[in-house]
Amino acid sequence: MQSFNRIDVEDARILIAGATEKAREIGVPMCIAVVDESGNLVAFERMTGGKVTSITIAIDKAYTAAAAKKATHEYGEASQPGKPAYGINAAIGGRLMVVGGGLPLVVDGETVGGIGISSGTPDQDRSCAQAGIDAFLARHAKAN
Amino acid sequence: MQSFNRIDVEDARILIAGATEKAREIGVPMCIAVVDESGNLVAFERMTGGKVTSITIAIDKAYTAAAAKKATHEYGEASQPGKPAYGINAAIGGRLMVVGGGLPLVVDGETVGGIGISSGTPDQDRSCAQAGIDAFLARHAKAN
Amino acid sequence: MQSFNRIDVEDARILIAGATEKAREIGVPMCIAVVDESGNLVAFERMTGGKVTSITIAIDKAYTAAAAKKATHEYGEASQPGKPAYGINAAIGGRLMVVGGGLPLVVDGETVGGIGISSGTPDQDRSCAQAGIDAFLARHAKAN
Amino acid sequence: MQSFNRIDVEDARILIAGATEKAREIGVPMCIAVVDESGNLVAFERMTGGKVTSITIAIDKAYTAAAAKKATHEYGEASQPGKPAYGINAAIGGRLMVVGGGLPLVVDGETVGGIGISSGTPDQDRSCAQAGIDAFLARHAKAN
C-alpha cells in the first residue's frame, strides 16, 4: 500500500482563479482544467469566449502534465523531429499533449495534480497555467 | 491452416522480471507490458512510481513491436519528416508507436511476442525492454 | 489537499495469485486485472487459455469497481430494464461494466483498488475476484 | 511457449465462398468477415448490395466468436435482461457482439478462427455463417 496526496475541489478553485485572473489581464478568454494526481478531472471552467475545441485540449494538457509528471512544453521539445520522443503526440488516442499549457502541480516534491489551459497561443496558455500554480503555491505556503 | 508459437504467461513473467531488474538498476520505475504474437496483452506491471500515461503507451509499444514485427525505434527513424512512413504515428487511433521502448520477441526467426516499456527516456525504456528480452532468451537457451 | 492510500504492484500480485488459485481450482483460465483506487491499471495476467475479448473486459471491470467504488454485479441489478440505471452499460465508451466479476478492494472503509476477472461465467468470474480480494485481506490482516 | 493453429487466407476464401453461396441461395447480399484465432481480420468481402453498416458488424461478430470462442447468438441468450451477462453488448467499445451471425471455427477441439456475417436478419446471417463453417470442415475432412 502506498500513501499519497492529491488536490481536492477547493484547491482546484484556487488554481482556476489564479489562471482566470491572468487570462483577464492578457485579455484572452481561456478553457481551464484541473486534474488530480492520476489525471482525472477535478474542476473545469470555460471563460466566456473560450474555444470549444479547447475544452478537450485543456483537459488533456492537464491529464498529461499530472499523469506523466511533466510540463507539456517539455514534451514539445523532446518530440521535435529527430528527438527521442518524436511522434509521441499521437499516443493514448491523441491525449498525450506536447503543446505548452499543461503543468504538473508539485508540492514537497510530490505531484498532487495538474492544470491545463487552452484557447490562446501556447505561450499565453502556459503563462496562465503558471499563474494558477503560483496562486495555489502562495496560498499553500501561507497555510503551512 | 498454419501452426505457430506464442509466449504464455510464465514467459511473460520472465520478461517482466528481466525488465524490472534493469529498471531498478537505473533507478527508473517503469510500466512494463508483454503481449503475444498477435499483439494481445498477456501480462502487465506498473512499478511503484511508473507513470499513468505510460500504461497505455507501454501496452501500445508492445502491441506495435509484436504485431508489426519491428522495434518501435525503427519506426521512429522511418517516420521522420520527409521519410516514407511519415505520419504513421497517428495510425490505429494512435496505437502505432514510433517511440523507442517496444521490441519484438523473436525465437528461431519467429516473432512469438513483444515487450513495451514506458516511463523513462526512450533510451531507458529501450534498454529495459532489451533486458526483458535478454532474460527470456537466456532462460530459453538454457532450457533447450 | 487530501491524503489517500492505494495498492501497489506487490499488493496486485497477491490479488492476482489469489484469483489464479481459484481459477485453477474451478478449471477456468482467466484474465485478471488489478487497478489502483483511480481505476488505472497496476497489473494484469492472462492465464493460458484466457479469452482475448476478456482482456479489455477484465480491465474495465476492475476500472468500474474501483473508480465507482461498486461491484459490477450491483450495476447489473440497477441497470435492468425499467430500473434507474438502465442503459449505463454503454457509458464511458462501453467501459462501465455491469456484468459480475469486478470488485472494489476496500480496506478500513477506503477503496484502495479493484480487481476484474473475465473468461468464465459471471458467477465464476466473481468468485475468482472474491478469492483475490480474500487473499489480499488475509495477508493484510496478518501484517497489521 | 504455446503452439497453436490458425487459419490462413486460403482457408478464409473457402469460408467466404461457402457463406456467399448460401447468401445467393436465400437472396440476401451479405458482408462476410473471417478472422484468425486471435480475432484479427484475415479476409473480408461485401457482396454487391451488402450494407455499409454491416462492414463493422460482420468484422466484430467474427472477432467476438473467435476471440471469445463462443457463437454470438449464445451471448444473445446469456445477455437477456435478468441473465448473468446482461449488458455485455456494449463491452470493448461495442465490439462484443451478442447478435447472431458470428461463429467460431473449431477444428479438433481448437478454435482456429471465426466468421461473422451481417446484412440480413440474425437468423439469415447465422445460416450463412454456418454454411461457411460447413464448407471449410467438409474440405478439411476430405484433406485429412
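Should a chain be cited, it is by its letter among A, B, C and D, assigned in written order, with residues numbered from 1 in that chain.
As a convention for this text, contacts are C-beta pairs under 8 Å (C-beta built on N, C-alpha and C of every residue); 3 or more make two chains touch, one makes a residue touch a chain.
Chain identities (UniProt): A, B, C, D = Heme-binding protein.
Given the structure is predicted, the values throughout are model-derived calculations rather than measurements.
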Of the pairs given as A-B, B-D or A-C, which one copies C-D, with over half of its contacts the same by residue number?
A-B
Between chain A (Heme-binding protein) and chain C (Heme-binding protein), what is the separation of their C-alpha centroids in Å?
31
Separation of the C-alpha centres, chain B (Heme-binding protein) versus chain C (Heme-binding protein), in whole Å, is 26
Chain A (Heme-binding protein) and chain B (Heme-binding protein) have mean C-alpha positions lying a whole-number Å distance apart equal to 30
Averaging C-alpha coordinates per chain, one finds the centres of chain A (Heme-binding protein) and chain D (Heme-binding protein) separated by a number of Å equal to 46
Out of chain D (Heme-binding protein), which residues touch more than one other chain, so two or more?
2, 38
Run through the chains and report each pair that touches.
A-B, A-C, B-C, B-D, C-D
Inside the complex, what are the residues of chain B (Heme-binding protein) that reach chain D (Heme-binding protein)?
1-8, 11, 36, 38, 40, 107, 112
Footprint of chain D (Heme-binding protein) on chain C (Heme-binding protein) - complex, ascending
48, 51-54, 56-57, 60, 75-76, 79-81, 89-90, 93-94, 97-100, 121-123
Using the touch rule from the top, collect the residues of chain C (Heme-binding protein) that touch chain B (Heme-binding protein) in their complex.
8-9, 12, 38, 40-48, 52, 55
Using the touch definition up top, name the residues of chain D (Heme-binding protein) that touch chain C (Heme-binding protein) in the complex.
2, 38-39, 63-64, 66-69, 81-82, 84-96
